[in-house]
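When the chains are written out, they are named A, B, C, D, E and F in that same order, and each has its own residue count from 1.
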Amino acid sequence: MSEPNMPLLSDKTRSLLELASTPTIATLLFKHGFRNAYIQGVSALNPTDRKLVGLAFTLRYIMAREDTDQLSAFCEPDHPQRLAVETCPEGHVLVMDCREDASAASAGSILLTRLQVRGVAGCVTDGGIRDAEGACQLEMPIFTAKPSAPTNLTKHHAVDMNVPISCGGVPVYPGDIIVGDIDGVMVIPAHMAEQIAEEAEPMEEYETFVLEEVKRGVPIIGLYPATDPDSLERFEFWKAQRNQQ
Amino acid sequence: MSEPNMPLLSDKTRSLLELASTPTIATLLFKHGFRNAYIQGVSALNPTDRKLVGLAFTLRYIMAREDTDQLSAFCEPDHPQRLAVETCPEGHVLVMDCREDASAASAGSILLTRLQVRGVAGCVTDGGIRDAEGACQLEMPIFTAKPSAPTNLTKHHAVDMNVPISCGGVPVYPGDIIVGDIDGVMVIPAHMAEQIAEEAEPMEEYETFVLEEVKRGVPIIGLYPATDPDSLERFEFWKAQRNQQ
Amino acid sequence: MSEPNMPLLSDKTRSLLELASTPTIATLLFKHGFRNAYIQGVSALNPTDRKLVGLAFTLRYIMAREDTDQLSAFCEPDHPQRLAVETCPEGHVLVMDCREDASAASAGSILLTRLQVRGVAGCVTDGGIRDAEGACQLEMPIFTAKPSAPTNLTKHHAVDMNVPISCGGVPVYPGDIIVGDIDGVMVIPAHMAEQIAEEAEPMEEYETFVLEEVKRGVPIIGLYPATDPDSLERFEFWKAQRNQQ
Amino acid sequence: MSEPNMPLLSDKTRSLLELASTPTIATLLFKHGFRNAYIQGVSALNPTDRKLVGLAFTLRYIMAREDTDQLSAFCEPDHPQRLAVETCPEGHVLVMDCREDASAASAGSILLTRLQVRGVAGCVTDGGIRDAEGACQLEMPIFTAKPSAPTNLTKHHAVDMNVPISCGGVPVYPGDIIVGDIDGVMVIPAHMAEQIAEEAEPMEEYETFVLEEVKRGVPIIGLYPATDPDSLERFEFWKAQRNQQ
Amino acid sequence: MSEPNMPLLSDKTRSLLELASTPTIATLLFKHGFRNAYIQGVSALNPTDRKLVGLAFTLRYIMAREDTDQLSAFCEPDHPQRLAVETCPEGHVLVMDCREDASAASAGSILLTRLQVRGVAGCVTDGGIRDAEGACQLEMPIFTAKPSAPTNLTKHHAVDMNVPISCGGVPVYPGDIIVGDIDGVMVIPAHMAEQIAEEAEPMEEYETFVLEEVKRGVPIIGLYPATDPDSLERFEFWKAQRNQQ
Amino acid sequence: MSEPNMPLLSDKTRSLLELASTPTIATLLFKHGFRNAYIQGVSALNPTDRKLVGLAFTLRYIMAREDTDQLSAFCEPDHPQRLAVETCPEGHVLVMDCREDASAASAGSILLTRLQVRGVAGCVTDGGIRDAEGACQLEMPIFTAKPSAPTNLTKHHAVDMNVPISCGGVPVYPGDIIVGDIDGVMVIPAHMAEQIAEEAEPMEEYETFVLEEVKRGVPIIGLYPATDPDSLERFEFWKAQRNQQ
C-alpha cells in the first residue's frame, strides 16, 4: 500500500504520537466527532517499554469449520495467517479480527517472534494469544483479550488480509494509525493522523502543567479546562520557565 | 459462481431439503462431524408458509464510523448493501454478517420487498430488521435476531459481498446451502448438500413412524433409535401399508 | 420417591396452586425470604390451556465431549435422557439443567410426546427444544429458553437424574413444586408448598377485587396494599356480594 | 414541568409523530447527529392498535436491599413507584430505569391498569412486567424486556421520579418525546420533536411511493435514495395523482 | 450530611474496619441477611498499602447524549463530575455509578490526584479509569472495572451527586461505609457499620488461629467452624499465649 | 478410585506433562478430535513455580437457597465442600463447578492451605476465590475466575463430589488429567493422557528448535509446520548437536 517515497506516517507524526497518551488521542478524536475509536476488551500483554505506534495491517478470521480447519491447514503455503506474518510491512501493526472471541488463540510466541524479527511494530488482537510466557519476553508490544491455549483452528479460520475489519468493536481500515499504551489501543483514521498528532502536543503539555498545579493544591474548576484566564497566564509562565531550563 | 448448465443445487436436492426439518439436518451434519452449523440467535420474523432453502449469497458489514457512515453513503451507486440487494441471484439466500449485533437494522421492508420481487429465496441476518410490519407481510422467509429501528449506518458499514463470513457464530461460504424453519437456520457446506438431502429422507420417514408409535403408547427405548429389531420390522410393515394407500 | 399412599402434593394444594399466578407465588415466597425462585430465561413454548403444576423430576446435563457424545450414545439402553423420559412419574414435571445454554436442544417433539402420553405434567428446560412445530401441538405445557435445532449431543451430555440441579439460576431439588404460566416458572421448595398454596388463595381474591376497583377509578394508594381500612371494608362487602351470586 | 397554556407537545407534532414509524424517526435523529436514541432490548408486550406517543415521565430504580425492600415498603404512602403511578400526567409515558435487569418485574397489571384509567399514554421499562396476561388486555401500549414474575422488591428499589435516567442504554430526560411501535421505542430529545415530526411526513410519503415502485419491479438504485432525478419526477407525478383521489 | 461533632464513622469503627478483610465483612453481612453487598466487577487498580475505608459520597452518571456531551460541557462551573471532585468530603469515598459500563472512563489521573490532595479516602467506579499509569502512582486506593482511554463524555453524563445509586450491582446510599482490599469492595449499610466492625475483630482473630492450626496439619472439620469444643479450648490457650507476648 | 498398585497417572506420563505447555496439549487434543478441552475464563491466581498436573477430583455446586445456605450449614460434619477438602487425594486436583459464576467465592485461603498441607496438587474453580492475599502465598497452583469476597453460601451450594461436572464450559470426569500454566488449564480425558504426553515431547522439542530458527531470521513458511524437508534436516542436525552437549 505504501510507496517508498511517500510514507503514510511521517517521522514527525510518528514522533508526536509516541508522546501522546491514548486518553489524549481519545479526547481529540471525540472532539472531531469520533466516539468509537477505542478497541474494547484488549490490554497490554507484555511489560515492554516500547509505545505501540504504526499503520494497521489487517488479518480477518471467520468462525472455523471442522473440515477446513484441521492441522494440515497450516501446511498450505498461502495460509492467510502465516502469510500475514510474513507480509505485514516493517513498522506496521498486525491487527486481527477474531470477532471478540478469545476462547482460542490468534497467534503464539513463534509467530509473534517472527513478527518482531521482521521489524513489525506490534500486534493487536481481539482474540487470545498463546505461549504467553514467551510472548511476555518480546520487546514488540502485544495487545490481546487474554492468554488462551487453544490453537486458532479451534475457532478462527484466517480468511483474508488487508481488508477493512472490526476489532474490539472498532472499524479498522488498512493504513489507519494504531496507538497503544497501558490504557489500551486507539485507532486513528488515516486522514486524521497528522491533525491529531499536532493537537496532542499542546494538550499533553497543558495536562502536565495541570497535574503539577493539582499536586500543589490548586482546585480543578477554572484550571481543567482552563476557563479561568488566570490558569492560562500561569501556564504561559510555567512554559517560559520550563524552556529556560 | 454458478454456471447455467451446472446448478449447484439440483432440483432433487432442493426438493429433498424442502421436506427436511432443520433438526434432522443438524443431526445429519453432526453425524458427519459438523457440530457448529446452526446459526445462533436468529428466528423467523414473518409467518410465511415457504420453507427457506437456497444457496448463500453473503454481505459483510464491519462496525460503522462517523465520517464514512452518513446518510449520503446510500447515494453512492456501488454501496455494497444496495448492490447486494440488486445482485443476489434468484433462488439464493442473502446472508448478512452483522457481528451478532442487533442494536441496529441490516435491512428494512423496502430492500426486503425488492429481494422478493427479484426472486431471492430469503434473507438471514444476525443483525436487526426494521419496518417489521411490512416485512411480516412478505412471502419470502426472513430470519433475524429481532426487529430494530435504527438505520444500519448507526452500527453496520457494508464492506464487501460474496466473501466468506460468520453469521450467528457459523462460517458461511458463498454457495453453502441455507435451510430455515421454525427451529432456526442450518448452514450445509456446499459439498455436503446432496448427501445430507438424501440421508434426510429416510430419517424423516422413520421419525414420522416413531411419532405415530409414541402417540399410541410405545416406549422410546428400543424404538428411537431402533435398537430393537422389532422396531424396524414394524417400520417396514408401516411403510408397506403406507405405500398401498 | 413418592409412595402411593402419601402423595407429596395433596389434591388440595395442587388445586390451589392451579389457581395461583406465578407473580402471586413469587411475592409469597419473597415474603418468606426466598428471593431467587423464578427460573430466569425460560418462557412458555406452546399455547396450551393447561397450567403447569407438578413435582420436579430432574435431569442433569454436563457439557458434551466429542468421544462420548456420538449418535451411538442414544443406543445405550440406560442413556440418562431416554431413561428420564421413561421414568419421570405421572403428574411430575421433567426439569432439565442445561447450564442455561440454549445453543442446542435438550429434547424434541418425539420425547415430549412420549412424556405427555405417559401422563407427565410438563417440561422445563433452560436449554433449547427442537421440533418446535410438533411441540407446539402438545397439551402438556413446555417451558424453554427457545427453539434450537441442534441435537443435545452437540452441547449437552445427560449424566444423571433426580439429583439437585440448577435451572435458570434457581436450585431445583427433586420433589420441589413447579408452577408455570405466561409469566414464567416458579420453584416452590417442597416444605413450603402447602403454606404458599393456602396463602395464595386470599391474595388472588384481594387482587381480583383491587383490579375491579382500579377499573372503576379508585387510586392504588391505600388500596394496594390495603393500608386504608376502608379498602378492607369494601373488600368484605365485595366478597359477601360475590358469595351470594 | 409543563404549564397548562404551553403544551410541550403540540397537537400537530403529536399527530405527525403518530404517523411516523420508529425507523423513520431513527433515521432523522441519525441525520441530526443522534446515533443512540433507540431503547435497546424492549419490545411491545400487548397487541394494541394504539401508537405510543407521549412525553416522558421517569421513574428511577436502584438495586434493592434486603432490609429496605420488604413487602411493607409498599405501605409507605410516598413509595416512589406507587406515587409515580398516581402522578404521571395524562398523555405522558411512564419510562422506568431498571438498569436493563428484567430478572424481576417493574410493574404488574394492577398498576398498568391504573395508569390506563388515569389517561397515561403508555409505559416503557427495561425491566420486566408481571401479570402479562392482564397487561396484554390493556389498550395502553406497554414496552418491556419480557414478562417476569418476581415482585420489583426482589431487584428494584424505586428511588426517585422525574429525574434524568438511562433506559435500555438511552438517556431519557423528563419531557423527551417517546414514540413506540412494532420496531421498538425511540426517544426524541424535547427540543428536536417539532423538527423531527415535520421532517418525518415527507420521508414517510416518499417511502410509501418507493414501496409501490419496488413492488412493480423498479430497482432500488437511483430510487432509494432518489439519486436519479427521474425518481423525483415520478414521485411528483405520483403525489399529484394521489391528491386528486 | 455529617455534622462536625457527630462523626458518622467513629474512630473506633474505622480502626476495626481497617483490620477486617472484605471476606470477613461479607460473611458478617451475610449472617445479618445481606447477600448482595459486594460490588461486582471492580478490582484494585493501584498497588497501594492503604486499606480503603470511608463513607460513601456518590456520583451518578446516565448515558451520554451527542448534543449535551461535548467537550464544552466541562467548562460549566457546576458540571457534576468536577463538582463532586471538589465537594467529596475528606475521609469519604467517591463512588460512581457508571451502569457497569467500562467502555469509557469515569475519571483520570488529574481528577484522582485532586481527590487525593483533598484528603478523600479513595475512589470506586464500575466504569473505567484513564491515565492508569498516573493513577497507579497514587497512594489513595482506586477500584475500577479496568483502564479505559475514552473520555467519560463518550458514554457517561454526570447528572447528580449524593443520591442513592447502584454500583456494580449493589445499592449504595450516601453515608454507607465502603471497605476495599485485594478481594474487592464491600458496602456496609450505615446502620450496620458499628456492629459489623465489632463482630469482625474476634472473627479475624479466630481465622488467624485457624490458619496457624491448618499450617501445622490440623484438619478443618471441627475446627472451621469450631464445632469441636476442643478447637475453642485450643483457641483460648492460643489467645492467652499470644497476649503474653 | 485409584488402587495402590495401578496408578492412573504414571510417573512417566506426569513427568512428560510437566514439560508440556498447555498450548501444545491443546493442539494435540485438537488433532485427536477434542476441540473443547480448555477451561474458559480461569487464570493462575498465585505466582508459583509449580506446574499444575494431576488427576481431577470434582466438587459440584448448585445455586444456593436462602433456607439451606445459612452459616450453620458449615457446621454439618458432612458438608460436601469441607468433606472434599479433606477427601481429595494427594496429588489430585480439586476441580469445582460453580456454573461459571464468580460473583461469590468457592474457597478461601484456609481451605486452600489445608489442601496444600494435605499434598493436593492444585485447585481449579470457575467461581471466585477469597482471601486472595493468603492464597497468593501458597505454592500449590490455584486457577480461578477472579478474587471474590462473598462466602460461597451466597451463591454456591456444595451438593456432591467426584461426579462428572462442567467447569469453564468443559466436561470434567473424575480421573481426567488436569494441566495448568500461564496460558490456562487443559482437561485431558483419562484414556488420552499417556498418548498426549508422549506426543508432546517431540512437539515441544521441535518448537524449541523453531523458536531458535525464527530468532536468527528464518521465515516460518516451510519451517512451521515443517513442510520444507530442509527444515527437518536442520532439526536433526540441531538435535544431534544438542545431544553432544
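In this text, a residue touches a chain if its C-beta (ideal position, glycine included) is under 8 Å from a C-beta of that chain, and two chains touch if they have at least 3 such contacts.
Given the structure is predicted, the values throughout are model-derived calculations rather than measurements.
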{"item": "Touching chain B and also chain F, the following chains", "value": "A, C"}
{"item": "Chain at maximum distance from chain E, centres defined as averaged CA atoms", "value": "B"}
{"item": "Over-half contact-pair match to D-E, picked out of the listed pairs A-F, E-F or C-F", "value": "C-F"}
{"item": "Selected interface, C-F versus A-E, where C-beta contact pairs are more numerous", "value": "A-E"}
{"item": "Identity of the chain that, by mean CA position, is farthest from chain F", "value": "D"}
{"item": "Copies chain B and chain C touch via same or different residues, half shared test", "value": "different"}
{"item": "Separation of chain D from chain F, taking each centre as the mean of its C-alpha atoms, in whole Å", "value": "51"}
{"item": "Length of the line joining the C-alpha centres of chain A and chain B, rounded to whole Å", "value": "38"}
{"item": "Distance between chain centroids, defined by C-alpha means - chain A, chain D (Å)", "value": "40"}
{"item": "Multi-partner residues of chain E (each touching 2 or more other chains)", "value": "35, 66"}
{"item": "Which pairs of chains touch, using the document's own definition", "value": "A-B, A-E, A-F, B-C, B-D, C-D, C-F, D-E, E-F"}
{"item": "Residues on chain D engaged by chain C in the complex (per definition of touch)", "value": "66, 71, 74-75, 77, 82-83, 85-86, 103-105, 108-111, 113-114, 117, 130-134, 146-151, 153-154"}
{"item": "In the complex with chain A, residue positions of chain F that touch it", "value": "21-23, 25-27, 30-31, 35, 37-38, 40, 43, 181-184, 186, 207, 210-211, 214-215, 217, 219-222, 224-225, 227"}
{"item": "Residues of chain D touching chain E in the complex", "value": "33-36, 62-67, 99, 157, 159-160, 163-166, 169-171, 189"}
